[in-house]
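Should a chain be cited, it is by its letter among A, B, C and D, assigned in written order, with residues numbered from 1 in that chain.
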Amino acid sequence: MGSLIRDRAASTAEMLAAFGDEALLAAALAFEAALARAQAAEGVIAAGHARLIAESCAESFDIATLAEQAAHAGTLAIPLVAELRARVGRRDPEAAAAVHRGATSQDLADTALMLQAKAGLALLLRDAGRVEVALASLARAHAATPMLARTLLQPAAAMTFGLKAAQWRAGVTAAMARLRREGEGALALQLGGAAGTLAGLEGRGEAVSRRMADALGLRSPAAPWHARREGVAGLGAALAILTGAIAKIARDVSQLARAEVAEAFEPRVEGRGGSSSMAHKRNPTGCQVALSAALRTPHLAATLVATLADEHERGLGGWQAQAPVLADLFALTHGAAAAMADVVEGLEVDVSAMARNLDAAGVSADAGQAEELALRLLEEPTE
Amino acid sequence: MGSLIRDRAASTAEMLAAFGDEALLAAALAFEAALARAQAAEGVIAAGHARLIAESCAESFDIATLAEQAAHAGTLAIPLVAELRARVGRRDPEAAAAVHRGATSQDLADTALMLQAKAGLALLLRDAGRVEVALASLARAHAATPMLARTLLQPAAAMTFGLKAAQWRAGVTAAMARLRREGEGALALQLGGAAGTLAGLEGRGEAVSRRMADALGLRSPAAPWHARREGVAGLGAALAILTGAIAKIARDVSQLARAEVAEAFEPRVEGRGGSSSMAHKRNPTGCQVALSAALRTPHLAATLVATLADEHERGLGGWQAQAPVLADLFALTHGAAAAMADVVEGLEVDVSAMARNLDAAGVSADAGQAEELALRLLEEPTE
Amino acid sequence: MGSLIRDRAASTAEMLAAFGDEALLAAALAFEAALARAQAAEGVIAAGHARLIAESCAESFDIATLAEQAAHAGTLAIPLVAELRARVGRRDPEAAAAVHRGATSQDLADTALMLQAKAGLALLLRDAGRVEVALASLARAHAATPMLARTLLQPAAAMTFGLKAAQWRAGVTAAMARLRREGEGALALQLGGAAGTLAGLEGRGEAVSRRMADALGLRSPAAPWHARREGVAGLGAALAILTGAIAKIARDVSQLARAEVAEAFEPRVEGRGGSSSMAHKRNPTGCQVALSAALRTPHLAATLVATLADEHERGLGGWQAQAPVLADLFALTHGAAAAMADVVEGLEVDVSAMARNLDAAGVSADAGQAEELALRLLEEPTE
Amino acid sequence: MGSLIRDRAASTAEMLAAFGDEALLAAALAFEAALARAQAAEGVIAAGHARLIAESCAESFDIATLAEQAAHAGTLAIPLVAELRARVGRRDPEAAAAVHRGATSQDLADTALMLQAKAGLALLLRDAGRVEVALASLARAHAATPMLARTLLQPAAAMTFGLKAAQWRAGVTAAMARLRREGEGALALQLGGAAGTLAGLEGRGEAVSRRMADALGLRSPAAPWHARREGVAGLGAALAILTGAIAKIARDVSQLARAEVAEAFEPRVEGRGGSSSMAHKRNPTGCQVALSAALRTPHLAATLVATLADEHERGLGGWQAQAPVLADLFALTHGAAAAMADVVEGLEVDVSAMARNLDAAGVSADAGQAEELALRLLEEPTE
């Protein structure tokens, strides 16, 4: 928390922005504007009121002040809605009553979180996709390149580097498929009102929800999900698993890059991977980012699951813990994906070192169906 | 580990058996028999040898001895295959060489684990299904029964008990859908041989795999997955999330059953829920089982994710930790599901207490679209 | 990561500052200044060079630039030392060579982290101490106040509120004692150089270390601990356990504050605990902060333990993950402590409601030795 | 759960027995016998009744039956006390009323758990002590043996193998010190009765507690701790951290044993570390046990912390989850300690390979104060 230096060591500027305060505030205000417009369209509030509300939502708000007020009030919605209501009320006192109508704090918080998650998912799939593409290319190029397979850290028998790359890719592909699927389930509008019954919307709650979901680009759920949060937990698990699939590549690359093995290396990048005390070093910095992320994400995913048994219609402690933890999961997973995309796109492969090590190991040189398996894995991208 | 008293407090006799030693041994021997038969069908080994091997696999083996030998050797496959080879060899020395051909220890371990998981999944879906059905029935019966919604543990506004039950069910339904999906992905045969290349099978590895998968009722994967284990992690996450969805019900029921609230109760069962010091007590014992499970399963699921960045073609430590942890996840999730199936099937609902508490709370009596939402959730079972 | 609004919902402005960028940079520069001064005192570098270095360490540096450079280089030390060396070099080219002499990036990172942890520990013990004092006062005042004990969420028998408060306090006291103890072990200087051998310090490494530790107010360890990090893990566990002990109070208070129970309440604070949709609500917002923290901290503590098996003299991924996670642990634990200090200092206790509920429960009114136990617990503060 | 084959792969027969059913039953009966004797000594019950009870506690009970009954009742105490009472009652109906007097189910469960933990702690300290001793010997023998230090998996500079071993040992020593300390705090008698007030003991509760604690060899706490369980969490954290300190050795040894490095090896043991498919392999099986344990224990320790915020005087779900998880922590930590004791006692060190690799790395051959640091670490065993 609260350190740009530490955050940037673990994540990307893009993802930090996607879950940053400006994006959060923009998402919260998008919720309020969409709520007003949808209610106007359904005749719940006046169209003029909705317009005024939407205009006020487009104004700027002071984040530091809101952060302090939200910490005091216990939720961002209270000071934000109060300020919004005051601004609208200065232009039309009657319109003020239409602000946040039928909604509750958690509706704003959850929908804003899902809007941030949607933006985060796009960034993530973009860079995990770079990993996939680069690995497919490596797999094809080296489908028949012999290398030593290692099991339990000991020499095992021959395989090909293409099979290794194809296996790495298959792990990432499967993890991306899970992430897309979980995203489709989780990225839904939340609108339920005080008790999750859509009270206060004159029986138009369902229609209002559908309009809002359309406007915000989120799924329209069959019912509010404020106290039924396994979708968020599923999304978190998918993020942690994707980090794991990416970190698997980092584990192997960093081991292949050991001086005693020297079969593959992170690309040389000016000013990266050096040491403050040893000029000769070429540290696997991209791999480090991914491996650090993979040490942290399983526990964060577990936190999301641990919140599920929350009390009644809105628990005390559980759901409130989901937002910051989901944000951290996106940040770390993207840090890993972006770092390893750079690594695999520029991976230096030393085919002769592979041959030399295989030869030195004195193991079976029969690589079986390694080449065939590599190519088959490339053909079945979504196993 | 190692205590029937503690295991039975947390799980069911059925699930403990599904992941017990006899089932493990049976699965391991089924792997060896299927391997031999598939190779005979593909002409890799002689049909007579396969028959002898399959016959020896049907014999009995001593579990305590194997457990000690496996602990010493570092894997069950080594003593089991040695013993199997010895038995086959006593009948036909040439046939002994056909035992375990083309396979490695992890092939046996992983396939056996998947066979156990398949049995476990069937038990779990059966009892989680009981929860679903009972909740649908409660939701329908009480779609319009008014009760107090509680948010942040404080009185909020009116809702209906049917909506509460429908929300519980929707959580379980979504978690079961995820579990089925993850099961379809994960429950695959593992056959790769020493280096995961299907060497030693005379180029018939793919065909042998397909035959084995068919025979064992597992999915036939595009390639061996020994070092690509996100499927197991996904399965574990789905189990933990299902436990969470079930424990959510337990959380609410145990709070409704508080003497000061008294709106719903676990069924009375002779000899259950008593106290060794207080004869008057009616403890929510089924809820306790589910809540304890939900405290443990997130961490176990995280363990599975934490193993993903294992080294090279067969890591040192990671994959070996998956089997016992996955077994524990099945055990705890089934403990929760079975306990809460009993609870919701026999749930005692006090409608008049619900009305009384709602009245006493002095909150808005407008239940909005609660009834409509309850019914809509019942119609969309797989949201 | 990266959201003041989310950070302030979970922690305090003070603790966020203690682990913020300015504090991190100040700590890193304090390390470099102390390193130079200690080497000058031991005759390793010239006194004039040390003075120049210390003066440059007192200048201001741009955090946003450093954050980007550090993310690129893989560690803060590289750009910071480069900039420091450039500044010193502009005044005296020879002095530039004395900057960071004998140290490595991790020495700077670990020592800076420990300096931040030291400041964090002081804040934490201050506010956990407020919890302790307030609870002792409640325990004394209510040592004989009868109330209903509840077990498995059901009425059990009589106890006194003083015993409840004394038990809460005993948990916090024991957790604080553990935290102090772990702090004494963990808060040590790290200085080892490239390979942890104190090479490059002309055999004066031990003396330099002692001087630096004194100057920085850290423990002087027997040897560098860069690859032996169980102290950090112990500190993290102690933080998570303290959060748990504080959250135990929050759990009970939030349950006592339920409208159906109404025995104790968070203090009324203007603008706190309200609802954006329900004006009547008095939400237990302080308890929520503590309960959310307690859902997150166990997993963060586990992350620190999971990093211990790092490779060789400086692992790839493990130790780098410790700093941000330790920072989050301090932030969340302090959020919980500060919130609950306010709660217990202003706790509203309804003695008549306690009597009424006890009476209504129809359980044994014998409170045994409750009063005596409460007083005994107060006398043994450090059990 | 429920598999001897899986349990023995991860733990020792001794530790499995220490937490097994027979030990649990013996501990539970020891609690009941000590309770009766202490009450007789304090005049709460008749001496003859206590004698009868103690005699019945010495009889044998059927574990399978008790396990089923306990699962049904929700706690072992109910069927066990019922059976004990029946047996005592057959000899003297009046004495039956003295069975379990003043105690509640959790008193039995918690005290039995602490008795098992005490036995477990002794086993653990014995084998972790073997690790310590063997490492001290290696550190002394190789204090000046040059080898390559590796940082971020890359060649760094020279160090000595003695410093490596001394650092390994210092980690284990510090973790053992924490474990002893946490054991001293946690291993306490639990006796509180229905509501934790020592009601029903005629005001002699404190004296009865002290006598019982003495008789059972446990600490006598200032007050019952049934709902104040940070001691158990602290013990769990200490176990996980010890596993981490041991796994750190396993990580390094397994990397040193790579064929490309070949500097140190697990001892050759007949029938251990082989492969079912590759006869040439020498797998680091002891290291695997420790590394697998270290992947699991952090999450188990976190589970214990996550239970702390349990409700009121005996929560629903939290404390019940502590016993099986603590048992697993002891089992896994001992598995790691025993495996690595064998490894370090028989470690094969190839000094010439160390020299060769150091030479080949082309890094600074200055080992600084490595030898001196190794010796200093040996002199300060309990840092």
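One rule holds in what follows: a contact is a pair of C-beta atoms (placed from the backbone, for glycine too) under 8 Å apart; a residue touches a chain by one contact, two chains touch by 3 or more.
Since the structure is predicted, the reported quantities are computational estimates derived from the model, not experimental observations.
Greatest centre-to-centre distance from chain B is found for C, with centres as Cα means.
If you match contact pairs by residue number, over half of those in B-C turn up again in just one of B-D, A-C or A-D, and that pair is A-D.
Between the Cα centres of chain A and chain B there is a gap of 27 Å.
Inter-chain centre distance (chain A to chain D, centres taken as mean C-alpha positions): 38 Å.
Shown for chain C are the residues that touch two or more other chains, namely 104, 150-153, 156-157, 193-194, 200, 250, 254-255, 275, 278, 283-284, 288, 291, 294-295, 299, 302-303, 306, 316, 364.
Residues 1-11, 13, 16-17, 19-21, 24-25, 63-64, 66-78, 81, 100, 103-105, 108, 193-194, 200, 250, 254, 269, 271-278, 283-285, 287-288, 290-292, 294-296, 299-300, 302-303, 306-307, 316-318, 320-321, 323-325, 327-328, 331 of chain C are the ones touching chain A in the complex. Of all residues in chain A, those touching chain D in their complex are 151-157, 254-255, 257-261, 275, 278, 280-284, 288, 299, 302, 306, 357, 360-364. In the complex of the two chains, the chain A residues touching chain B come out as 104, 149-153, 156-159, 163-164, 166-167, 170-171, 174-175, 178, 181, 185, 193-201, 203, 205-206, 221-224, 227-228, 230-231, 233-234, 237-238, 240-241, 244-245, 247-248, 250-252, 255, 291, 294-295, 297-299, 301-303, 305-306, 308-316, 364, 366-370, 372-373, 376-377, 379-380, 383.
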